[in-house]
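Please find one structure pasted underneath; my questions will follow.
Which chain is which? They are A, B, C and D, in the order written, and residues in each are numbered from 1.
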């Protein structure tokens, strides 16, 4: 039976890579896979001054995807489909609106929907999309990555150019390793207290 | 290293039973286990017109626990403790306040804290405590139970005396099998649509 | 669809308790649950000089079960059943023969079969039943318990009356905490080396 | 603390891809990663008539690794190392000998060792390496892939050029999608019975 799956993980936990692996496996099993990404995310996507819609893993693979804007619904893409061997996959799903996640929940009564995304922002608060996904997903899985100390990293710390932890700022600031660092809570709280 | 663990599951997934099992195992390994429950929960606890503080599994076991009120902190219980072989366990953790969960997160830098509770209410929205626990826990685990159809149940449907699904009402209404039914989303949405 | 599930865990990981919880939940969902245990296991079962067939959790619950002898098949119990709402559960499944596990695999094409048992003996070698279950189960889950050091225990160390680790002896020797101790590999290897 | 981790999965579950993702993440966290593969596996590795030692994911990534022969030990590679930020990773670990797995277990008392491999052969029997890894690993994780029917695939069926299931032959026969097919047990048993 179809499911709504949310695979969450800190930055650099290999979410895009896992997504591209699953896509590959589903296609080999004869499925048609639809890939989406909120347009808000621009990493790896910008070419010639334009957000082209690409899901790219840092380790090297990539695939084209459809960009979804905040005010869009998925129905315009999926209404015409009537094939049980259909899978919907999304990357950077933390940037979905609550309304979009509710639509994906409805779609998941018919087709399996697999969302990949962050759990929380740099202050350990939910993004709008991840909150709704944790509420509505019937299957929640963690992708793990490692803190510099060797323990599992669960926190997306925002850092400045000197690698110092930042506690203020906008919730969303698109960036990679120059801007964020995956840490375990023990190292994160130690660093935070040093600063204060 | 110490962790903040959240074990979530639908009603009747055996959360209290699992808690009592872990308590037993930790005590055998030489740990001192502190048990708490938000005072808001009164199931199994009321005796002689008073909420006595009991964690009871429907299948038969029980243990005394300390009741925690909404405006209370844990520090008054735990400040004097200085033994690394200490574990803190909570049942019905969905009823904690956000502030209490943040305190537990701080405590978990020193001692492992294991919370058991529901993920969402009868409308698939977070409780205050479960939202904060999903944000802050560094280890999130699901306890599974089964829908009447055989699939995993993820939804706590509120029902009336005729077993019909209710969609309106207060978020919190303490009750057991006469008031709630664990269902998978496929059965839940089918029932809901019948009603409409 | 029906599955063959193997829930393994070290001694004192709450396997019998988990089994009794699932039984309770399945029965509430309208299922008929068949309980079995290899007759070789006698813990909690002996009454009046006879193995009566009881699955008992150390923390307090118990249920009657059918004892299965080494040369028996399950078909004599299950051939007459023709109800999709049937579940088969087994405790101490490490003591099954390979042939019995293969029969359970065939049964699991029709009904879900849930086996609980140890992974390995006191020398970290498979039991006959657990080897076959790891090979044939389509769902393998770990129940966790804790070493005295706080880490996950994975090894069932056999000990003598002074708590010293034993490395020789028969594979099967029925016993509880006076005879076995759940340990992590770091503590186990340290203790072993002390001895040598 | 260091662990021996075994990540098992049917063919095409993305094991090599997951390995390369973890390698990438560990290196970003400042670890030195040592990659090995049993020389018996030749897929993706042969170049100019020689097994060069390459871990290649079908979806596109690859990395060089050290080939390990059946009669070799790991100590010759690892004895000189004395850096806690060391990780050992192996692909196709089902082809290890029992003796080699026991050596890796000893190494894992000091450094984390992560093995990726198949659980069982085309007749659902353990390989020598996977049997020993299931016995000795302190962390066992499944990588999932999908059967053509949409359920989780757990069986590596060997097929002939017409896609028909083969039940006889040598345990080890190196091959890819032209030789093996990942299936769930329901589809596998149905196909098998058709043949008989």
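The criterion applied here is as follows: contacts are C-beta pairs under 8 Å (C-beta built on N, C-alpha and C of every residue); 3 or more make two chains touch, one makes a residue touch a chain.
Composition by chain, UniProt nomenclature: A, B, C, D = Thymidine kinase.
Only a predicted model underlies this, so the values are computations on that prediction, with no experimental measurement involved.
Q: Could you see whether B-C or A-B has the larger number of C-beta contact pairs?
A: B-C
Q: Would you kindly tell me how far, in whole Å, the mean C-alpha position of chain C (Thymidine kinase) lies from that of chain A (Thymidine kinase)?
A: 39
Q: What is the distance, in whole Å, between the centres of chain A (Thymidine kinase) and chain B (Thymidine kinase), each centre taken as the mean of its C-alpha atoms?
A: 28
Q: Among the residues of chain A (Thymidine kinase), which ones contact at least 2 other chains?
A: Residues of chain A (Thymidine kinase) touching two or more partner chains: there are none.
Q: Taking chains as nodes and touches as edges, what kind of graph is this: line, ring, star, complete or other?
A: Basically the chains close up into a ring.
Q: Of all possible chain pairs, which ones touch?
A: Every touching chain pair, ordered by label, is A-B, A-D, B-C, C-D.
Q: Quick one: which bits of chain C (Thymidine kinase) touch chain B (Thymidine kinase) in the complex? Just the residue numbers, please.
A: Interface residues on chain C (Thymidine kinase), with respect to chain B (Thymidine kinase): 12-14, 17-18, 20-22, 24-26, 28-31, 57-61, 84-85, 112, 145-148, 150, 177.
Q: Looking at the complex, which residues from chain D (Thymidine kinase) come into contact with chain C (Thymidine kinase)?
A: By the definition above, chain D (Thymidine kinase) touches chain C (Thymidine kinase) via 1, 4, 105, 108-109, 119-120, 124-126, 131, 134-136, 138, 140, 142, 151-152, 154, 184-186, 189.
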